[in-house]
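Read through the structure below, which is laid out as structure tokens, and then see the notes.
A, B, C and D are the chain letters, set down in written order, and residue numbers restart from 1 in every chain.
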Amino acid sequence: MTRISGTYLAKRLVVSYLTLLVIMTLLFVLLRSMPGSFISSMITSGMTAEQIEQIRETWGLNEPLWKQYLDFMINYQTGNFGRSPTYNAPVADLMIRRMPRTLILFGATFLIGFIIGPLVGMYLGWWRGTKKDKSIFSTSLLLYSMPSFWISWLFIWVFNYEFNLLPSAYMFTQFPEFQWTAVTVMRDVLYHIALPIMSLTFIGWVGAMLIMRPTMNQVTDEGYVFLARAKGLSERTVMIKHAARNALIPVATGAVVGLAFLIDGSIIIENVFSWPGMGQIIVSSVLERDFPVAQATFFLLAVLVVIMRLLTDIVYTYLDPRIKFGESE
Amino acid sequence: MSEKQSGSSRRRFLQGTGVAAVSAGLAGCSGEGDSETETTEESTPTEDQTPTEVGDAEDIPEGGIFNFGMGTAPNTLNDLASSSAYVGVITDRIYESGAAIDPVNFEMHPNVFTDWEAEVLDETGETDQPNVEIGFDVRTDGLTWNDGTEFTVDDVIFTYNYLLEQNPGGFAASLAPIESVEEGDDRDCLMTLNQPNGTFAYDQFGLPILPRHRWEDVDDYQTYEPADTDFGPVGLGPGVVTQYNPDTSVEVSFAEREGEYNLSDLDWRSEVPGVIPGGPFVDAMRIRVYSSQSALHQALFEGDIDTLYENIRTSRIQDAEDSDRLELLDGFDTGYGHYSFNTRRTPLDDTAFRQVLGFAYDDVYWTEQLQRGYAQEGDFVMPPGYTAVRPETDSDQEVLEGSATQAFSFRQTSPSVPDVEGIRSFLTEGQIITGEGGTYVGQEYPGSLTGVTAGQSEPKHDYSFGSVESDVLVNADEEPDQEIRIDGELLTDVHDGPLTMLLSPAQEAPQTAQMVDDWISSLRQIGIPVDREVVSFNTRVQRAYGSEDFDMFTMGWVNLSPFATNTLYSLHHSDNADDHSVAESEGDDDNTDTLLNNPMGYGVFEDAGADDLIDEARTTLDPDERNQVSRQAVERIYLDFATMVTGYEVTKWPVNSADWTGFVENIPGPGSTYLGTQILQVHRNE
Amino acid sequence: MATGQGDTETEGESYTRRWEPRLERMKRGWSRYTEHKIGVVGLIILGIYTLWAIAPSVFAPHSADWVAYLGEPPVQSRMSAEQVRSLPHPPAFGDPFFAPLGTNANGKGILSLVIYSARNAMYIGLAAGLLSSLVGVPLGLISGFYGDTWIDEAIQRFVDIMYGLPFLPFLIVLVAIRGITTTNIIIGIAVTSWLNNCITIRGETLSLKERSYVESAKVAGASDTRIIFRHIMPNVLPISFVFLAQDAAGAVIAQASLAYLGLADFTANSWGIMLENIKSQGYIFSAWWWLIPPGVALMLMAASFYFIGFSMEDVTNPQR
Amino acid sequence: MDRSDDREPLVEIEGLRKHFDQSQGIIDTVLGREPQPVRAVDGVSLDIYRGDTVGIAGESGCGKTTLGKLLVKLYEATEGSIRFDGRDITELTREDEREFRKRVQMIFQDPFESLNPRMTVYDTVSEPLKINDMVGGYDERRARVKQVLEDVGLGPAEVYLDAFPDELSGGERQRVAVARALVVDPDFVVCDEPVSMLDVSIRAGVLNLMKDLQAEYDLTYLFISHDLSLIRYMCDRAGIMYLGDLVEQGPTDDVIDDPKHPYTEALFDAVPDVELGAERRRANATGEVPSPRNPPSGCRYHPRCAHIIPPDGWTGSQEAFRRAYQFKLRLRRGELDAEAAREEAGEPAEALVEQGLTLDVPEEYRSEAEIESGGHRVDVGSLDLPGDARRALTEAAEAVLGGEPDAAVDAVDDVVTTRCETEAPEPLPSGTRKVACHRYDDDRLEGIGTDDGGLSAATAED
């Protein structure tokens, strides 16, 4: 069982880092190519040229672009994300405040989606071609085709507007009157997260299912499954213990795709449900040309994606000992 | 009109997401309630300078928490650095200013300053205008900072000098005329202005008073964040910030304020109809932030909040009326929506041509169809609630209704169909509405109300109509039969392409987009090649106000001054316009990327401008005289038609009347501009 | 040599004989496709949408400019205040007007708008799908064919970088830079969605080029171009069609998401815009006839693309 | 020998090497890391005569397929030369290359992979004609294709012309592959395991067909297979490959009946059915095939060799040396299990020596003690191990137990040495063939050595 070699890991880390640098460069160029600037909302009638110059200086816009670029690249190496003009606060504070909220939403959705998805995919792959498979598969494709905001509205309509069962805004009760204990806070968060998660996972699990189904189907033809069956093990045992384990590998890699879905989904969902995370500000910061915030959110999401890619590679090796990275055959 | 700018001493943007849904039926109507009230002397305070115990207040039940909702997050508690109206919802509870305006009569009253007196000096400063010295006294008795610290005259002097030194963008216009503020001999303080200003109590006394012990050490106001300090922002106001989660919720407590607050007990309050002295009566105001208007309204109807910022959206008015819990309070617009034209460009340089653009604007479609009656037809650059400076004042015409306000109303052959032939002959016959009475495109015009005339007496260009040739019109769905010629040439040749209207993406203002469509369609039917370009708010601000690179654009103003002069100066005076005619020849000193509020270039050219009237109004100290000149300026601006006022909103402010009472109605911006008044007097129902 | 057997055939006959087997093959492929019910359903749905897109006026009860109470343009009158207040109007069948799915707040018929919007969605879906295939497939082919060279490395690093830019926010920036028009939205979607195509096609090409039929073509002297176009491309195309279908579905949904965020061309008739309008005008919970149809139409279009795509995958994938 | 005298070789291979670079990432290049190539073919020299069928045999991974592909120019050689019909094929002009492509063809192993699933039989078979512009019109081409198809036994051709590969059986496919190779009327065909993927029942048909076609088309074959019986059946001459090099080549019958190289010997031992009725044995070779990325020095086979040559002064038996050498190898690879030795009863160093002297070979070659202990120990006493060697081993074992592996290696290095480890043997003529083994160095120079009585197979007779 080869594990990942140190040099391979080091190499991947270096490549990931370089990739991030390029992404940052791209980000800088893209964001600065947008017309307009946050400075528009700060400059007012009657201001003197010096005042305007002073504002530009405060926000570092008077520097030549290459200098701004260099500052950006260098500052980010030291974790200095700058200051947001629209929030009048260090961007890092903003990120620290909002990132965990988004990660909670991400994490929960990811977990649920990647439990339901592969399970259903396993089932469908195993029974591929049967009526059950066909009907469930086509239904799930229908779900997959729904715009996430639309399904959110439908859920809010049913669960909030009509029956008032679940709240449609915030991550927890604002101005709570109950005692703050671990249990109450937990319950409160669960109560609030229910609708956003339902909306996201309602669509999200299909992605994992789509990956699981064909690979599961493929492994059913493999010898070891045949062998397990021949041994007289029950269908269920064979399906879960022998086939599914091996079919999980592509699902692990598919997690990156799932992440992309989550990022897109969370932008929409956070906006629909007043969930105060990263998704909310990423759109508004672009629209308001708040470059420091936009840069930081994009950057952090890129870091997330890059880390996930790395992790999936590692998970990959552990799931499938046949695959060796950085090892010669 | 989803995005607006505020034209008061503070420029505040309602950020893109806030729907400024126009509301309120015409029933119960505009200006009627208090239209007789004249704007009175505001430079001299009313007599009462000491707080009095108000008998009524004792009967008013105190306590309770008032829940407030907003659709945009307040990003900071730094009142100086922010221009967001949503920040003001919080900071206006914290900071007080020298003088206060009452929302009913628009009079200036003592607030932190007890009384004042202005004297025009002989000497002149850098400007050619005579300097003015204002002496004022400061209320130090019975008033403390909200952290309990003692308030002194020194704080006031510090504030003005600090602001002069830092010159925050939002206050620049009010600070510019201030020469100095120092300790006085007879009076507590002496302020010197470099020019006479009849509305100094509104402008210069409207600046927030800052605590020296907090701001002294702040070297750069822009990066200071009061929310990060252990107490939060310190001011003279009734509130303290006790919880601040800018993304979701903020609590402003009145019960937990340290020290004494007596500004709501001032005598003048009991004399203003509808105003209840003695507040605030609630323990706290809790502000919840929602990420969308849908969520915000959802919360209102679910009872999570008692009211929301600004307005209820049109689509929920019926629901609110059906609700037992909610009541809709009527109010007025504090600004106007407009289409503005770049008078530097041919043929927009011609008043006659611009007036035709007005003939094509279907006001009724806008107010009745798109806004469902929750908007008023636009005419003058002062909203109908500011009666003192409306040209109808001193005439027999009703506000908004008189035929003199209908000079540029939609010319139609049958409902919603433009009178193409009539409009074309208006142009070809060389007609122009100068202010003289007459019949223009089949509609009577009685002549101007104030006797002013337009800057131009006859058209600049020779207009004719010929075969359709420009691409825009050839491909147009409207299929016009003729196209306009300007001095014998195609518009697209004279102007280098069709006229282009800049408007926002329809995300929150689909009605505006629809209206522009309808207007463009009418213009095309007439034979004028017009196109449309969708650009985001920021881009539009930059294109229009920054580089003046536009033909026409749509936007709106809120929070205009009820005293007109300041607003007229900053929005319609040539001082606030870049003169691009100079750019080509001599240097670009006169052309900056500064966001100047007069992008039309109105007043830059001789044939269209109200500079003289505005200048006169600004330096006139007598209020009556000043208002009269202002009215003339307003009508001149109307006739010159560099900016087309498309409408005023009818405000419907939803409040939870089942639990709360004490609101003032029929004032401008009841849920926004004068939200402070409401918060001071809201109290529990018995 | 072997013509001695006496089979003298004309040009035409020989031509038919050459093509017959291909037709036969297509027929067989088709019959294999039709075994997948969802594929057929997808085709039927898409067929209906295509008809809507080509001739909406035949199917819609009104034109897209029709307005409740007033009828088709040119309109010579206005709605009364009461009429305006009745909007958005629930489904009506002749009294006071005919609008089987009701109207929106401006009095436009929902059914008509839904039908007229098919063209926009079709256009965006197919154009974006095609465009992203046109980028992704050649890049994947090149990357795979020159696997393990600097060309491949460069393309793969580029893909890595693009993966690091989250799709929707990146799209927002692109649209912000280039302006909000349908064309730019399509370009934006294509620019961000070719990655999966590229990676899959690359993998496929990598394995195909190791097949011995490619080697035997090389032994016979085939050029790189011939190998790519004659041997690899035909084996890769079916998958790229699958991706085209999936990209098209993704594009339709992405456009709706952009519309939700207010970044779509509002003058176009589109389902996303209809949904954006119901949000911005505030009728989400009060006009189900306006909320449901555009969403269902969108869902069915995306689903039909998915249906077709996955059925094709089954057909082209010889596994089963 | 007789055949080679009167004919010109069609293909002459000299010192051919093909090294595959492990893909070099940017990072490696930046860091200047040395690539460690896979030495797939490493110094092959071989002549193939017109009309011959030359077989190449060897375990999978020994480089025989690479050799085949080098011959048809699918790969460029890293070093060495291939001359086809007198011309170096690495220096062909465009025109010559065209000619070369017509004259040299290859038949691949897997008929399921070697036919493009999206091309009909006609398209596939006619493709080389089209590429090389060989036959004029469509009809002519079609006729040519039909004829070849019928030649390969796919008649009537009409039935097959428009068929797709997935409609054909494996045998039919391979016949199509043969037809494709023959359609250009080549001189030389490389057959890479042409029947290994086919059912046993149809192998003979295809093989016989190939034999028939050889006569009909006047072909020269290079026949690559791991199956020695096939080689024997098909080939006039055979070459045995090990780790990229030919260790022995000569007339098939000679090579098979009388293998000279220890590897050949082991290889044939491994094949039970070379001679029917012969006693079934397993290869007397230790361990596994080493990585071609880092092949052993000297004779590549020496670590596994049963006949490894003791140094001149060796007083013990050859078997004892072989075991002592295994001890040294284990020592170097760090495979000696000190823990296990400590747990054993008795002296740990002794136990370690016993452990190190075991042979990882099939049971029939093991000593009794080994069999008893399950391959973990040998009875040192029964081995004819010279005293100094014995001492060196014990010393080394103690060093290992003391945690000084370097010292351990030093201890045995001087005592347990062999020419096989240090000198690469040249393929030298030995009778009718060429053998690359040091045992035959002396043979050529001064007759066969006398001290290799341990040889289990027949010794060389000349």
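The rule is simple: contacts are C-beta pairs under 8 Å (C-beta built on N, C-alpha and C of every residue); 3 or more make two chains touch, one makes a residue touch a chain.
Predicted, not measured: the structure shown is a model, and the values here were computed from it.
*Asks:* Write down the chain pair with more C-beta contact pairs when B-C is set against A-B.
*Replies:* Most contacts of the two pairs: A-B.
*Asks:* Using the mean of all protein Cα atoms as the middle point, what chain has its own Cα mean nearest that point?
*Replies:* That would be A.
*Asks:* Based only on mean CA positions, could you tell me how far chain B sits from chain D in angstrom?
*Replies:* Once rounded, the distance between the two centres reads 91 Å.
*Asks:* Can you give the whole-Å distance between the Cα centres of chain A and chain D?
*Replies:* 52
*Asks:* Just the number, please: Cα centre separation of chain B and chain C in whole Å.
*Replies:* Taking the average C-alpha coordinate of chain B and of chain C, the gap between them is 47 Å.
*Asks:* Could you put a whole-Å number on the gap between the CA centroids of chain A and chain B?
*Replies:* Comparing mean C-alpha positions, chain B is 42 Å from chain A.
*Asks:* Which residues of chain D are in contact with two or more other chains?
*Replies:* Residues 25-26.
*Asks:* Chain B: which residues touch two or more other chains?
*Replies:* 292, 298, 535-536
*Asks:* Which positions in chain A touch two or more other chains at once?
*Replies:* Chain A, residues with two or more chain partners: 15, 35, 156, 161, 271, 287.
*Asks:* Using the touch definition up top, name the residues of chain C that touch chain A in the complex.
*Replies:* Touching chain A from chain C are residues 37-38, 41, 157, 160-161, 163-170, 172-174, 176-177, 196, 249, 253, 256-257, 260-261, 272, 275, 279, 284-285, 291, 295, 298-303, 306-307, 310, 319-320.
*Asks:* Quick check: in the complex, which residue numbers of chain C touch chain D?
*Replies:* My answer: residues 1-3, 14, 18, 20-21, 25, 148, 153, 211-213, 215-222, 226, 230-231, 234-235, 318.
*Asks:* For the complex, which residues does chain B have touching chain A?
*Replies:* Touching chain A: residues 11, 13, 15-17, 65, 75-76, 78, 81-83, 167, 169-170, 172-173, 176, 220, 222-223, 225, 243, 245-249, 251, 286, 288-292, 295, 298-299, 302, 304, 535-539, 541-542, 545-546, 570, 576, 592-597 of chain B.
*Asks:* Touching residues of chain A toward chain C in the complex: what are they?
*Replies:* Checking each residue of chain A against chain C gives 15, 19-20, 22-23, 26-27, 30-31, 33-35, 128-129, 134, 137-138, 141-142, 144-150, 153-154, 156-157, 161, 217-218, 256-257, 260, 263-264, 267-268, 271, 282-283, 286-287, 294, 297-298, 301-302, 305-306, 309.
*Asks:* Could you list, by residue number, the parts of chain B that touch chain C in their complex?
*Replies:* Residues in contact with chain C: 19, 21, 292-294, 297-298, 313-316, 318-319, 364-365, 368-370, 372-373, 414-417, 505-511, 513-514, 517, 532-536.
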